[in-house]
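Supplied in structure tokens, the structure appears directly below.
Chain lettering (A, B, C and D) follows the sequence in which the chains are written, and residue indices restart at 1 in each chain.
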């Protein structure tokens, strides 16, 4: 496997899908919100993405089964628009990998007729906000007012958006797509269920659906635990790899 | 050479081959077991794999001949199933390289009609076990009971499986293959012949063959020596490379 | 997106274009001069280049709109020759990326019928010059005298030219193109408007146009500020990236 | 330019060429010997190789002309066999680059009908030898005796051969080529003209030509000087690169 690959469920039709990306990022805010929607709406998995840029390891599960690290697409049917949610265990760390993976995601979304993208994330401030604001940065000027009405603040977030939350929009624009990065104000140093709830309130207005936030707090705790386990695994990759001391060479036995 | 390449012996027919992977890894447990099978059964070499992701060096041998670093496939004919053993000097260290190499291996195995994969490895605990257990992690639930009967323990190993032992199974599953990672309990800090013997006992039941473990201890010592020599070479690669102090640039003379 | 891509405006005709490259480099000398020409001549944007080797982030702007990091081509119509100016936010840092990107730039320029290349840069000496000289290094001996007449000094600059300013010329030569790297003498430790002005004086003679340097000083200050902001963003990329401590692995949540 | 490329002079015919590789390596022994042959025989340049894995810079020369970093092929006509000499400024440092570049070199050599390869190098011992021996490591057993007769010692050199001197032979073997790595015994810490002379004595016997070593000492001094200059340039690449402190990001201005 030399390039990122998307394995699709066959014969899935989509109605003007809106892509909602919630991969791991600052404060896990986007991931929490997206995972919550998948569970609340019992969304159906329609595609899996694996990439040579993800870690070269599989996870052992308690049931004796292993699983690869993946990104996944879930579908929530809607009246006017279906919602296609993108979640996953990992994001790649290099620029080359991010551009390749986001390109493949957009290829898939484009073939399904998609034109609107929401990317979810945290906007880290280093302070715990009283009531988290929801910041936005858009691909096109004309779509800002409708999103301000839904409770978002534009032009007040500074700096750059790193990873898929930025690239999907930047690269999508070259394909004629529009979209907004929706960022929940957060400290940045911990998993933040309140910022995720603020995101979901905005999203429910934008998508015209009702989202019950009751179980969000519990999911944040699970997210925190999973994250710690994964970081432990990541650091183990090197320690347990024979020859890892001579780290730029292959390991030889 | 830009991609990993497998050079095959011509006109080799295989009968429902089972892939048994024993590349270098924790405690050299898998490599020891696989190398032992090759020698005990006088297995025939049927393919060689070279990769641009292996170190860019050749080894000088005492007979005045040099050799490249390789992975190799050996065939042991069987009644119902032939056994295709995968061994080698090295594994690549980057994710991209591992996915590429495992993909090429699966291409080859798939063309030969293979559907079942066993990957061998060590499960490092930091303690020398009294009597090493053999842990398993499977691609599919339905194949666990048959392997428990052969003496394996499922659901008790945690964390991740790194390298070919994990990826061959994870990637093979997308091609409709099934398989199990078979891990001998080991300390992790030394070459462990006893863990390899525990693996071989399980394997002999699974494959329905008898494997004499007599020479295993001697092979572990040779493995330890070869490993040390290779690590010395690996560290020399840089020292003797002109310009290696400016290590991210090419060397210029 | 796996390779660098140039998005072109449709139906742009060019008349024997001369390429003038002014990407970021030593003292921002080339960038300042090229950006200045674009503004003075109200040059028209004719193509945008995006690359997987640029940082995987988008910049949030004060107007609520985001933008990708890009290189851009602008056109200034001329009597005998149009001038095609190449500017941008970034240059890639690895050799592989630089060769790929410069190759794509030359593909584009070649298709537009271009044969002459000027690359602009600073020649850092570690000292603030009284009156900055303009050094040159050419692809062909026969074009040196005409450039000496325009005020350039050949054979007095030593060492190597790094990045697009060198590669575009070196690689262009294999395509039958000619050109000169035009370097303004500069300290190297700060953004240098005076060196840029010296470049522009030479360029105005070479291109047969008049360039008013009045606003250059102001632009140098803006350049200095933008540079500092970008470096802050660059360092944030890692800090805010979850899992960035385990830096050679992907981040996992 | 995404892959290594060889630019060939048109209509060059070769008669059973023997490849003699002398790229930079330990003690510059191989490079000195190969450069010397080119000058002594006034060999004709027949091809140039450029690679995206070489440094992304061009060298400014005293005559006001710049030049790219290259590898080059020179031809010396012979009675039974022409000799194709491979020299250059640089070797790449990563495994992936070395395999790609050596593969392209072998493609070229194979098309010209070549079947025999000599790679030249130094065998570093950390001691200045009284009278340098010439060690060999061969691709095939049957060609050793003829080379022993020419004064080479087989089976006494240990460890690995790094870079093109090893890979060209290892990879060539898969294409049905044969060859020997010819290594002059040397200290390893300085440019060694005496080891190069020992190599040339062996080579002159193997190729059946006379090589006058008179100017070798002088060339070693020039080689030492060029090497120091290049290392200075290599270290400058980073220092003068804006944004090089944030070294894993692109530089942004």
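By definition in this document, a contact is a pair of C-beta atoms (placed from the backbone, for glycine too) under 8 Å apart; a residue touches a chain by one contact, two chains touch by 3 or more.
All of these numbers come straight from a predicted model, not from anything done at the bench.
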item: Greatest separation from chain D - chain, by CA centre; value: A
item: Same or different contact residues where chain B meets its copy chain A, judged by the half mark; value: different
item: Separation of mean Cα positions, chain D and chain A [Å, integer]; value: 49
item: Distance from the mean Cα position of chain D to that of chain C, given in whole angstrom; value: 35
item: Set of chain C residues in contact with two or more other chains; value: 53-55, 95, 233, 237, 250
item: In the complex, chain B residues that touch chain A; value: 3, 24-26, 28, 31, 53-55, 69, 89-96, 98-100, 102-103, 124, 136-141, 144, 154-155, 157-163, 166-167, 169-171, 173-174, 181, 188, 223, 226-227, 230-231, 233-235, 237-238
item: Contact footprint of chain A on chain C as seen in their complex; value: 1-2, 7, 50-68, 232-233, 236-237, 240-253
